[in-house]
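The two complexes that follow have subunit A in common; it is paired with subunit B in the first and with subunit C in the second.
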Partner chain A sequence: MSDSSYWFKPPPRPSQIPMRPAEPINPLVEISIDGEKVAIPTGSTILDACKKIGLDTPTICYQDTLTPVNVCRVCVVELEGSRILVPSCSRKVEPGMVIQTDSERVRHSRKMVLEFLESSVDLSTSPQILMQAKRYQTDPSRYGDPAPPAAQNERDHHHAGHHEIPTGAQALTVAQPPKVDNSLYVRDYAKCLLCYKCVEACGTDAQNTFAIAVAGRGFDGRISTEFNNPLTDSACVYCGNCIAVCPTGALSFKSEFDMRKAGSWDESAQTQTDTICSYCGVGCTLTLHVQENKIVKVTSPFDQEITEGNLCIKGRFGYTHVQNIDETNPLSTEEVSH
Partner chain B sequence: MDIRVTGPEPTSAERVAVDAVLGPPESAWAGGKRNMDLEGRISLLGGGRARAFRDRLLPAFHAVKERFGWIPPGAFNYICKRLTVPPAEAYGVATFYHLFSMEHRPPTEVHVCEDIACRIKGSEGLHQNLVTIHGGSAEIGIRHSPCLGLCERAPAALILRAGEQPTGGAIGCATVENVQFALDSSAFPDQQKDWLSHSVPQLGQPQLRLLARVGNGSPDSIAAYQATGGFEGLTKALAIGPLLIINEVIASGLMGRGGAAFPTGKKWEAVAQAKGPTKYVVCNADESEPGTFKDRVLMEGDPLAVLEGMAIAGIAVGATKGYIYIRGEYPLAVNRMQNAIDAARAGGWLGNNIQGTDYAFDIEIRKGAGAYVCGEETALFNSIEGMRGEPRNKPPYPVHFGLFGKPTVINNVETLANIPWILRMGGVEYAGIGTGNSKGQKLFCVSGHVTTPGVFETPFGITLRQLITLAGGTPTSAPIKAILLGGAAGSFVGPDQLDVPLTFEGTRAIGASLGSGVVMVFDETTDLGDILVRIAAFFRDESCGQCVPCRVGVTRQEELVNRLRLGQPKGSVEQEVSLLGEIAQVMRDASICGLGHTASGAIQSALRIFGTSTMQRENAKARS
Partner chain C sequence: MFGVGGGTNSYEEVEKTDVILLWGSNARETHPIFFHHILKGIHNGAKLYAIDPRRTSSARWADSWLGLDVGTDIVVSNALGREIIASGLHNLDFIQHATQGFDSYAKSVESFTLDFAERESGVPKATIREMAHTYAKADRAIICWTLGITEHHNAADNVQSLINLALLTGHIGKYGSGLNPLRGQNNVQGGGDMGALPDRLPGFQHIEVDAFREKFNRKWNTTIPPKRGWNLTEMFHAMEKGSLKALYVIGENPLQSEADRKHAEKVLRGLDFLVVQDMFLTPTGELADVVLPAAAGWCESQGTVTNSERRVQMVRQALVPPKGAKDDMEILYEIARRLGHDWGTPNSKDIWDELRSLSPVHAGISYERLASGNGIQWPCWDESHPGEMFLHGRLWEQPRNGPPVSFTPVAHDPPVEKLCPEFPLRLTTGRRLDDYNTGVQTSGFQSPLRRGETLDLCPEDAQKLGVLNGEIVRVVSRRGVIQAPVRTTESLRQGLAFMTFHFQDKINTNILTIDETDPRSGTAEFKACAIRVERLEA
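This part shows the complex of A and B:
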């Protein structure tokens, strides 16, 4: 039978392991940032240029492994000729741009964005955001004491376009009890600032599972499964790639969540050890976070160019076999006896 | 993409409702029976082909809502299967729109406008009375609604009745009695012949151009249309071709009437020059800016002119497909536009080989489902595409990356209605009408405390005072206290500004804007504080929630406005006003879209002009 009768023709075997094609050399674009000239390849963002000259630009919804959604607006800069500030994380450089990153307007917007978040979201596990808030001297108490938390699932029933008129005596927040519906990870949406990262990681940027999406509208917007179903009745495959990208700890390992609750979570007492997942031939890099000789969570380095920090359920949660706890079974929270 | 759907299967009625709009399912993949002869174990309809139907999502939700009054889970699941949309995403889309409910709702709903023009005409009392009568009913639900685009006949209500033969209609000057009558008889005032005459006080006057045909009784008759110059513009366009059409539009100096006042000719030129074989024309008929109703009047009264404008745009930029996105609260406009499209197709004015030429163009209607933000052009594209109506970051701009990622012309209804007229009379001559950079005639939506509210058409240059006089002045002896220009996204001006010319540059000079042509008049008896509370609530309801400055900003702004209203400031009033100013600035500077940029404008202008004392109820004079 001749070769051509096959519907699929395999490519010829490479004589050697193929090399990654060289990065195309993009022509440089020159822009000015805070009076300093920066030359940077076409296609870079203003944020890239800021990084290049060592500016500390706050970002929250940006991550280089995900498509920029530019929703948090904490990274805004002032662009000469533009009526409004522009998000540095997604705006591409154009020749001759003149940019201010520390003008009065920029400082004001960054401060207000951070203050808005502090006043409405529990940032107790977001030290980096709190550090930026300090840098910009926020004062969330200006909006009043936080309103009491919503009941479990209450926010999930808010209808778009209808809300109770507030008295303004207290500041509305997204506070609500955490959703604990499986033994692997917890969704504590009182800490969610709607950065869309988990949705992207669950969707086309990594996992293509589409178990979660943004639902509702405006301040009543929330991350949700269909019908606010528990994860166990959703498309979730427990890869935990959403946990990996969540900037606030709204999504966390059940192990971490429980230890924090018990007051035994102690990052300073943890070691991080890189190893290779042995479950399958992909060979993802695992970073084991170990406290008191026990694996407490598993991450994967984002700068791994193949996997970009993503894992599957086995690499992410399968560690429990080391400790002989049957936690891979979402229905079980019992420890198997040794 | 394989999708996982959990929960109930559709009932047969639900299946029928969905199939009625999507057609029967082709394959087992799409929730139908597996055809072993054709399909075997391999789906005929999977992957990319299945995903290409995403833009049918909203039409499918509408079909189910019109049948049941809400979106039952079985129907929802079936739609997800039919369109290969992951249920979590579809849920995110359905819960974005206030006309859709994922929770059980009565089949009939009365939406009572709670917005500005209706508030000052007692809509709150009407809502309360209707709730007293129908509260708890399993058949009839009473709901609040943002502006229904009927402000000239405030207070307004809209009835939407689901069922096998869904009906609905708008009720102007609503009372408990006429709402009840419509509920009992299913006869809606908007179907009466003289419905539009109340909206156009200038009816029949010779200087009218855009409104000339409104109210003549046969809006979808091609013969009547042609007898009054209809399709002359399109005929000329077919003869002169894209380049010369665009030249005429540029020469006319026409600026967009949707609010942003962008030169239409330049927009068309950019799309005509954009690369790629597929381009779109989109007509923005989402008209949800409180106080705006001109686009509804045009679509109800002269739908063929809107359609003709779209067809000319299509020929000019090389698009063969156009969409008109009409807000879901305009059942009559949808109906009239559909009849007009059908008639135009039958008459060879739409479709392939228009009037025997090589040009092709056709139009599809898409209905919104209750979301002001979907009037923002990129949010509108997302909405048509079956995504949440969240605005996109710009650049890229629609002329390069618009609907389905293709170069797109998006224009307001009124903008497009000007086009046939421009082609008929010639761009240069058109540019002779009006003043400065404001060319042509403009529709103004006058409402509030005037004797004859309605849509008025005048050449650019008329002053605010002249326009109010045209509308009969204030109905009582109470003097004017404030005028809202441009709607909730616009700003207030005081009676000292009555001589401002209502042009783009004239309003800009006093720090206001023409916006969509809203002129809402408030006399001394108005409780302005209540109006500001409502404006704050409007933006709190309508922010898409995507970006932090707007999502939290509108929420904090509303809390602050209510603190001032209740006379319970935190700290001093001055501190509160300065915080409100800080919130306004971050929304203006750092929000993604125009909603956030303008959400503080009206409130800021009112506090600037009238001071904080205007917030409190006792400072409003009793109605004489």
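This part shows the complex of A and C:
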């Protein structure tokens, strides 16, 4: 430092606190929801307005850190003058909108969406969706017994247009064995309801790695790597940011998958502690999920401004040095003796 | 810089800026979540320039990649400065208002013409010119750097040359404009802030200033020696000379992390007494007379760390440490007790409150505020202060608040080890995405991306040497020989080789590296040594 005098004085304080420039103030828009008047800034969504007046709107594919893709249709509401129901998660408010969120039409639509999902997707690790199903009194059994599961990788070879029209005797499903092709992730697509969140997290909304996308069409649509390669031959960098946003457990950490299989996964016995990752100077918050003094999962809070719930491979998986792992078996995360 | 050491901006400003110069940094792999903020900036329309000898995975996102020769950073930065001045794009109002020494700076960059820069650095002059104009004309522009700037024998000059660019254009002290070193570990920033520097007391208060020392003397009821201490390099020199005989190493593995491994080992073995405090019995620990098993700071103890945007953040205990391992704090308290000073029971909050009472920039950061939020950025002068989002806003005040800041002319000084027919390749070192430093923490997890250590070469060099991908070769520098498999990669240019230092138990890269260090910062020139590659059967 050429002018070393700085170093011998306390740094001068600015006379004003440095702040981000003020955002332009959006004028308020007034709309009516279920007969109640709501005033909310231009650019807000109907869902924002529903939240503002305390309405509990079901969502599956929506997450505030991701761009809305409007695919699950469970958040739909009735908009006066609109031929179709509109997705509240992405439809922006306009002056004078009149909206019904609990009309017969809305309830019926939400119920059907949830029934279709229940009849075709394994929701056993999606307690929130099952609660929504209960709220809308679904009856998935009316679509018949589930069809037998597909063989390993069978669904990956379905081509667009090859889908056969079902007989109606059985409920078609996406049931298939899980894909375990690496030491960190499991992809259990019998639980996938195609919400696109993983694709968005891997894409421009967060990671920008583009390892996965939706392949196929209609009921044969599925999440796939390029050319359906194993994850280890894909662009995947194992950040786990897709797993973090998955609402059904279709994507899970191998550690959790193995423990669930062994019957030892016990969320009631787990603690969650926020700390800071040690692998670089960015300062990502890690939420350590600990069971019996072992880290069983690492996440990051979505409302944390540095990470928005995202981490890298080191932060997500680089914790094994504080526990005891069998290094001799590359696909095992089972504990070995001390 | 300018009195305090820390990044001047917040991460969110990278999303809102117009131009980002990413200099000597592969943030995509080494600071992946910071790179998410850069990506948001790119999606918002910011232009990214990557200045790096390697075309890294970060550089692939850049609008323009400046693939300079290793150690020619000042050639490029001074040429940028000259081009900006020659084109009249410098911010004369800001220069006159807030800086001093412009004339001598302008004179010092006079000889760095675009032609000279192209010849010396290997970067096409049109590319340098375009970057100079874009950076100077931008409303907002941010420079970020990492060890590609600092792991050189002239590290401080490299940093200074970037500071000059910000002063020249006024890209400092404003939202979305500034200078940001990205820290490599979770508490590099915090360690310096807490006074773990040879010349500082906590809060950047210089140890040779009587008033600062007096404050600490009173609080600690002791007399602090009025002279600065040694940095790591100076300590190694002192050990070599025999004037430093005992060493206490906390959480570091210098045997493997220091440049020139053979030399480091000789020096460490020559000590009378070595204490190593670490989570694991590292190779350095194996040389120690006493090993103190420590708990893992990030998950087995309580405290704070400070990140690259100066944000003080809370670290919380999630695990009970293994039997026998103790919190660093407990170990230090116990040593103090054995030396006859009973400091009581260690408590991280009490220690933090003591810090707050002594360091004005931390005064407002209470434990309660840290516990309930996502951390607070220093300087934070009192408990109602939100913390400063960006630094040096005072430079724009009318009239100016505080002293002007100085340009510091710097000269080009190429890497100490020149290339020659005997050692014709430039070896540079760095990190990869899934591994960390000497591998002490990351070697335990099974990364599907891990491919072990390799000597990375460009396909043309591999062909010229007659070596194949995967072939094990001898890598020779003036200091030693190692063997490593070759991996060809198009991210390198001819004459440039790359290795990491993650797998030193198997392949000891630092046998090759050179222990030439920057006298001011004490950083070694890990980024530049000269090697040759030999086939095994040859």
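Convention: the second predicted complex is superposed on the first by the 298 of 338 C-alpha atoms of A that agree within 3 Å, B and C clash if a C-alpha of one lies under 4 Å from a C-alpha of the other, contacts with A are read in each partner's own complex, and residues count from 1 in each chain.
Throughout what follows, contacts are C-beta pairs under 8 Å (C-beta built on N, C-alpha and C of every residue); 3 or more make two chains touch, one makes a residue touch a chain.
Computed from a prediction, not measured in an experiment: that's the story for all the values here.
> Of the two partner chains, subunit B (first) and subunit C (second), which one does A:208 touch, if any: first, second, both, or neither?
After superposing on A, A:208 lies in contact with both subunit B and subunit C.
> Check the residue A:37 against both partner chains and state whether it touches subunit B (first), subunit C (second), both, or neither.
In the superposition, A:37 contacts neither subunit B nor subunit C.
> When the two structures are overlaid on chain A, which partner does A:273 contact: first (subunit B), second (subunit C), both, or neither?
After superposition on chain A, A:273 lies in contact with subunit C alone.
> On the A-aligned overlay, A:284 touches which partner chain: subunit B = first, subunit C = second, or both, or neither?
Second partner only, subunit C.
> After the superposition on A, what does A:312 contact: first (subunit B), second (subunit C), both or neither?
A:312 contacts subunit C only, not subunit B.
> May I ask you to name which of subunit B and subunit C touches more residues of subunit A?
Of subunit B and subunit C, C contacts more residues of subunit A.
> In the superposed arrangement, what residues of subunit A touch both subunit B and subunit C?
Shared contact residues on subunit A: 208.
> Going by the contact rule set out above, which residues of subunit A touch subunit C in the complex?
1-3, 5-21, 182-184, 204, 206-208, 231-232, 236-239, 271, 273-285, 288, 290, 293-295, 304-308, 310-315, 317-322, 325, 327, 330-331, 333
> So in the complex, the part of subunit A that touches subunit B is made up of which residues?
70-74, 76, 84-85, 87, 90, 105, 108-109, 112-113, 116-117, 119-120, 142-144, 157, 159-163, 165-169, 171-172, 193-194, 208, 210-221, 224-227, 229, 233-235
> Using the touch definition from the top, list the residues of subunit C that touch subunit A in their complex.
Listed in rising order, the residues are 1-4, 11-13, 16, 30-34, 36, 39, 43, 61, 100-101, 160, 175, 182-189, 204-206, 208-209, 279-280, 296-300, 305-309, 311, 313-320, 360-361, 374-375, 379, 381, 385-386, 388-394, 397, 401-403, 405-406, 408, 433-436, 440-449.
> Using the touch rule from the top, collect the residues of subunit B that touch subunit A in their complex.
Answer in residue numbers: 1, 3-4, 6-7, 73, 76, 86-92, 95-98, 101-103, 143-144, 146, 370-371, 388, 393, 533, 537, 540-549, 551-556, 558-563, 566, 568, 570, 579, 582-583, 585-586, 588-592, 597.
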